[in-house]
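What follows is a pair of complexes built around chain A, which joins chain B in one and chain C in the other.
Here is the complex of A and B:
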């Protein structure tokens, strides 16, 4: 029984280093997706609240689509579809060789698009929670609309949006496991390969489970801290939203 | 021509016509899988939430561990652990006569999804019960209601209304997540689509599948919104 655990170690038979690398890939794709997805989500949220009806309709359609289609399907469509599209373009331009999209980029784009659809809802809720008077006061001080957003709204926005965005992050962290199907060597990919080689699925998928669990617990702890810090100026922590 | 070939014929898509019947049967597998897991998961979640809130300390801790575990790890990983991991102990399952269950990808997926959604639904129900004002419990106690009767007659009916929206979201999340079942050789809607793509290399089949999922999710969302409006209509006057 004990010799089985050597498979998880760092010895010649062990998969320890490979698992660590997989964990690194999982973390890096999650961290690479996060800023991209959140920024895009904020843009979509601003689109949903814009004065132009066309922009509002486009933003709503965007979130409806990417919140309604399974993440796995979005991943496939972007991985295969964008690849095909760019290949066409490549040949049209008469460039030599062929184009292939790195799976990391495909995974990042797919997860980022889904994240942006979900986080835009959080951003909209947070934007609604900022009182109108804040913008009016900024205008009265002579700030332009862009300045008011950057200097007055955004700093307050982050505090209100943090719990929702934290949820988005936890979902994203677990969703990264899907990128293993487009051959990105994350935790799931490595453990699937280890299973094929060693025929010890319970051991390896159990180990993968524990790694994800550790990531989730650390994230939850860190998010709790960030929320406390963001709320430090407010007497009734958690209660006061404005 | 069978009925399931007509949509592809109407859309002028050869691949959708050729694989329409497979996708239709895949669609039913997806529906079955989601319905079974969400319904059994709900029954489990109710018990888990009550155990967490009113059970003895050990039960409350055990439920907390269960929900943390299932909410903190990816569904894909859980599915692989059940299908491949538990399938490893074939001799044991054969000994106790349960091999038919763990051999079948549908049962494995249903089991995994049930355990997973039970954890999420338990958290939703716990939050909803906790959100009920204390006065409701005190009022019930002053009327001489037993703890169990308080829960059944006072707390749960109100909690269900609060939980309705997140439970609807959970149903939609499960429909989308069920696509993962295709990765353990189950031919649900996603599985049938993957097969069609692997054989035809026609990418449009993925777009048709996306459309089917999208329409399904939108229909459920609309129905749920209506149901919520109707069930909470007595609250509008407050």
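Here is the complex of A and C:
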């Protein structure tokens, strides 16, 4: 029994380092995706609330597609499909050498696009929660539309959107496990390889499960803190309303 | 604006002409090799996250013979041909049998390995007859999207064919008594019969190869456009067969009993 656990250790036969590096890949792809996905999501949300019918249609089509298509398929389309397309264009243009999209970028783009589609709904909800009077007051103070958004709307938006976005983050953290199919050595990639060599599936899948759980526990903690911070000044008011 | 477009087009054409000439004289100085890293003893990752196995040693040996620099890419089995076509690497060494079906998508180098195919079953199995008639109504397992699955589907229509995502799961079901037979590569099965399957199961018989289904053996896969690369690798393979270095590596990695 004990020598089984040595397989998870850091000795010559132990997969400990490999698993830790896998955990590093998982967390770095998730962290790299987050700002990109959230920013794109906010843009899409603004598109959905835009005065232009064309922009609204494009934004709606975008979320319909990327919320509807399975993440794995999105990943394949970007890693293989878009690669082939760009390579084709590359050769058409007669550029020297060949084009190659690094797997990390492909993973980041695919997960980011899906995250943006889901988070845009959260952003729309949060934008709707901010009363019209706020924008009108900003306009009355002589702020431009962009200034009003940056100085008045955005700070309040984050408070309202945080719980929903936190949820999106947790989903993203788990979905990074898909990148193992495009050669990125994340936790799942290492686990399946270790399993093939050692024939100890339960040991390694159990270890992978624990690593993901630790990540989500830390995230839940951090999100709780951020929400408390964003809510400062609102708590007393909320209490009074009850 | 128009003149700008024309300028770009002219520039593009010039570069196109230059690379066209280059492409013809393209010399392979560097080769990227794709493998699965999950198919011992052909190729797998070890605890240090290094690749090891017959194909890793053999691939490096071929590169030495061809005097090229080689890098390895580890890609899951499911996307291993698409990634070759998407130019993620230049050749696949991943225990891949050169079947007619795959030849529709890729070209193969000459064969560098040929594993026997076995059928195994519980020790209590009385007859060593594995003809389709003898296996009528029996539960026969194999890994899905492999030559073995295709083989069962073509010749053993009257048996109860069960396909599994990995060989491990088929082996487990034989242990659990849900299967009467498994068909797979002798290497994979010998491993199982030495380990978990030691007490339950035995080799029943070797399966006769059917060239249309099984292909001539394991070979490197390249894009159809890379004829020069294909010939270069095949030549290196022939050299290793002639000087005995291929045999040496086979003895090192492949143990059937």
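By definition in this document, the second predicted complex is superposed on the first by the 235 of 242 C-alpha atoms of A that agree within 3 Å, B and C clash if a C-alpha of one lies under 4 Å from a C-alpha of the other, contacts with A are read in each partner's own complex, and residues count from 1 in each chain.
Everything below uses one rule, namely that a contact is a pair of C-beta atoms (placed from the backbone, for glycine too) under 8 Å apart; a residue touches a chain by one contact, two chains touch by 3 or more.
Not measured: the values here are computed from a predicted model.
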Discussion item. Looking at A:192 after the superposition, I want to know if it touches chain B, chain C, both of them or none. Which is it: first, second, both, neither?
Written reply: both
Item to complete: Mind working out whether A:76 is in touch with chain B, chain C, both or neither, as first, second, both or neither?
Response: both
Practice prompt. Give one of first, second, both or neither to describe whether A:119 is in contact with chain B, with chain C, with both, or with none.
Written response: neither
Worksheet item: Does chain B (first) or chain C (second) touch A:95, or do both, or does neither?
Response: second
Discussion item. For A:177, using the defined touch cut-off, is the partner it touches chain B, chain C, both, or neither? Pick first, second, both or neither.
Written reply: first
Practice prompt. Considering only the touch criterion stated at the top, classify A:200 as touching first (chain B), second (chain C), both, or neither.
Written response: first
Worksheet item: What is the contact status of A:14 with respect to chain B (first) and chain C (second): first, second, both, or neither?
Response: second
Discussion item. With both complexes overlaid on chain A, does A:87 touch chain B (first), chain C (second), both or neither?
Written reply: second
Practice prompt. Using the superposition on A, tell me which residues of chain A are in contact with chain B and, in the other complex, with chain C.
Written response: 76, 80, 84, 180-181, 192, 195, 199, 201
Worksheet item: Given the complex with chain B, which residues does chain A contribute to the contact?
Response: 64-65, 67-74, 76-77, 80-81, 84, 174-178, 180-181, 188, 191-192, 195, 199-202, 205-206, 208-209, 212-213, 216-217, 220
Fill in: For the chain C and chain A complex, residues of the former touching the latter
12-20, 22, 37-40, 44-49, 73-76, 78-79, 82-83, 85-88, 168, 195-196
Item to complete: State the interface residues of chain A toward chain C in the complex, per the touch definition above.
Response: 7, 12-15, 17-18, 21, 76, 79-80, 83-84, 87, 93-96, 98-100, 180-183, 185, 190, 192-197, 199, 201
Item to complete: Would you tell me which residues of chain B are touching chain A in their complex?
Response: 68-69, 71-78, 80-81, 84-89, 172, 175-180, 182-183, 190, 193-194, 197, 203, 206-207, 209-210, 213-214, 217-218
